[in-house]
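Dumping the structure here so I can ask a few things about it.
Going by the order they are written in, the chains are A, B and C; count residues from 1 in each one.
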């Protein structure tokens, strides 16, 4: 087992290194740089000399090798460096947004679990009935509806309905306050994006619950239990559901990792100051250091979530370790 | 699994085996797979609209008409007009073309490249497999938006480049799935036998291994079409995709639609519905296809 | 000028009230927090080095500047005030080469220390001759400055190399924050992340990407101001969020500008609770053909591109959906140097009859050997308002003379790189945006590419450069105007180097309770908020 874990851990290194090379090169292939962005705004009259001064300050006049070594060496020491755009430490910039992204991800996950497991179970038990069809249609719709559009529709719906009922339109707050400071304010802001992303999320989890449960229900031990005359309820709860949970937990874990770095479009729609918005802005500003750091954070979260899932599987099923 | 995948091609859902009168078979199928049939129905309608867009659409989707800006749905403009006075319905119908082209082309290229790479990786194994797996890991974990932005910035915006951006993340995902099914086949005696007989690699891969991973391949393709349409919409919404004046659903949701959602809700509602319905249709169809192709999930 | 004040009757009433502040019926009320929205995420707090309005909107209120436009008359292009001075903006002495400012001695920084001429010298030294490792984005505006000296604590002297009408407008640029010398001496980069000025408000908190808060400066040197207890700005780039925030009362005002349709929607939703201020904007959206590429090296083709554009019609329609409105030439419409409508309508592309224009366009294209259905690429910036909206309109205009246009849209960074460095475009969207209206300098956009850094058409036309120099050397407004007409005809008609489309139009719909603020022709100006108050 330890051998397996060590082997898997070692394999993480080339993945991270590959991602680092990829993001480093891609960013430098995009035409334009941060000094163009910063000084070419409408309010400046800038000559080449000033641009060069700017490039020297930002450190992008150095050779590619030096820049890459700086980047990797920083990453190895867990030092993410300084954002080129704001001059603030990147750990501070990310820290500011992390809380919000984490909370939305947790809220979406909770709602996904609460919705998906009962729905998926009912759907599997009542396979090929109208209940099953309804649940399946509902969950496929969740995957089909773009969550950013759902967000637009939610905001629109809120404005129109509150206008209709109370005469004054109401929209969710656009300024983040931590939940311990002002729970009402916090929830009334984050509930809506959590719904918009949670629907998709629960749809994915519902489908996974249904299909793994269906497989498990055909396994021998379930048949044995049935043959023994155990109550269907007991079979489902004690035996089937427990064994079907593993892939479901996997999906939930991977979706969670995805949400931490992937709320790019939904955060735009709700103006959430989260990691996704930071990401878009960093790319937009040609902020190399910040974009690199964000990519590495997202990739690391993703890789390690996968790693944990794999190790978990290997721990449960020894055959995997040797394959 | 082998038998099934070799004898039942994906088309079976629309054209079931002979012997019974086709209407009866169709009816049977609808009863067995009502959701899949509904999905197929949606897909067929969409393909029809896309192919015959120039006959079906009541207006030119590109011509600006400043006399009729922001008209709510009425008898002439069934789904209203946008800020340039263009008919929303016509743009939706032409938009189906863009969606289908992007969806099918990127799904096909992505899944096929994944198929080839996945099978070779499984077949050759060893160092090639190890390195290939790491490269796939990188692309799986890499944020799509950076890839898309890089592609767009280097090659420019437009449908072709959007397809490249969408295809890249599909390749590793299909390769993964194909590789794992191919791995199980590699150990099967007849592949060993073929090797022992001295057949060359290409022949073994093409003749023996590829046909046996057709099931996951077809399932991936149908899943990818829906996902590609969604991705196209999201990337276009972020300004990285299709550009005006090309009619495209994601483009219709961007800018004006969101800004004027309150006073002209038809601009925001209908393109979103079109995207959802199309992806919904492809997913229903894909699910049914998987049920048919994957015997483990077939109803008892 | 009339145009600027249209739809501003309410705002004017407010301003009159400010003028007679004591005993007037509309006396300013004190207190309240002004909530506003900023469609940007500012790079840093250092005005000297940044060029975006994203630094002005949140930070202007914390600093004093030496000269600024009159906040009660921001529409004027010549009405400057020196707040820190004893008396008015000084007149030049020494044959127009010396400006001596007398500084008041009752101005205090927020930390209690006194603001003296030494601080002003240190700040302008940093702008005009930045020390190594310090970035100054507006150094090039001060090429005429020879030396800056502060003989005593209340006197600051600027000596110029040659007399220049561009000096005072350059000093009046809103980015020239006055910093404290002692802090600059310690660390030239102090002001990038910290705020310590002498403006009407004192800095409280800045959370990047989220919000910034300020509170009233009780020791502000203009007695009685500011009226507000504080300010709270939210950063939100997305236009739809901006509109919804005003509608839902999460913010009272946004100082950049809204599209016309949003104004109408807000007016419908909020009725009396909304006041709208509008003004021409000192920004023109233009089309720049690449005169090194075939067939755009042919003046006839470029003129045909211009003739195909229905500017008068577009002004009517586009002003309903985009932040553009006024038809104009190279000079800010309404400025004395600008062409009148009659003068404008003589230039091809500005003719009143669009049918005649399009026929002429087709004829020119045919004559130049451009086939029907000729396809080219239009390079545009990935920003909705007004770039992409106007881009869609332009493509439709060119379609009507038989040109097929494909659009290549790029995010701002690559867009700039293509336009300015790589220059690999057929025809590109371009713009000329300035803060202080100063046509003599603003039209440098149209000079030969090797002369002006902001000219992107890649042409060399010494005749244009010569006219520009002559115009700037002339002190006679009548002669200036005459040369300007010739300059305009040369650039827009004979050579058609660049094609202005429509001038931007600034629309600020805000909650009616926000009083005292008046719109200006630039979103960089009049943002220290000292005279703003809330009627609640």
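Some notes on this structure:
By our rule, a contact is a pair of C-beta atoms (placed from the backbone, for glycine too) under 8 Å apart; a residue touches a chain by one contact, two chains touch by 3 or more.
Every value quoted in this text rests on a predicted model; they were computed, and no experiment measured them.
Between the interfaces A-B and B-C, more contacting C-beta pairs are found at A-B. Put simply, the chain closest to the centre of the protein, by Cα centroids, is A. Centre-to-centre separation between subunit A and subunit C, using Cα means, comes to 40 Å. Distance between subunit A and subunit B, defined via averaged C-alpha coordinates, is recorded as 23 Å. Rounded to whole angstrom units, the spacing between the C-alpha centres of subunit B and subunit C is 46.
Shared interface positions of subunit B, defined as residues touching 2 or more other chains, are 149, 153, 258, 261-262. Among the residues of subunit C, those in touch with two or more other chains are 238, 247, 269, 411, 413-414.
Contact with two or more other chains is made by residues 30-31, 155, 159, 268-269 of subunit A. Across the complex, subunit C meets subunit B through its residues 238-240, 243, 247, 259, 261-262, 264-265, 268-269, 313, 316-317, 320-321, 380, 382, 384, 388-389, 391-393, 395-396, 399, 406-411, 413-414. Looking at the complex, you find that subunit A touches subunit B at residues 11, 14-15, 18-19, 22-23, 26-27, 29-31, 127-128, 133, 136-137, 140-141, 143-146, 148-149, 152-153, 155-156, 159-160, 211, 214-215, 218, 261-262, 264-265, 268-269, 279-280, 283, 291, 295, 298-299, 302-303.
Within the complex formed with subunit A, the subunit B residues making contact are 34-35, 134-135, 137-138, 140-143, 145-147, 149-150, 153-154, 226, 230, 233-234, 237-238, 253, 257-258, 261-262, 265, 268-269, 272, 275-280, 283-284, 287, 296-297, 299-300. Put simply, subunit A touches subunit C in their complex at residues 30-33, 36-47, 50, 53-54, 56-57, 85-88, 93, 96-97, 155, 159, 163, 168-171, 173-176, 268-271, 273, 277-278, 281, 284-286. Residues 41-44, 50-53, 56, 130, 133, 135-141, 173, 175, 189, 192-193, 207-211, 234-238, 241, 244-245, 247-250, 269, 283, 411-418, 420-422, 431, 433-435, 453-454, 524 of subunit C touch subunit A in their complex.
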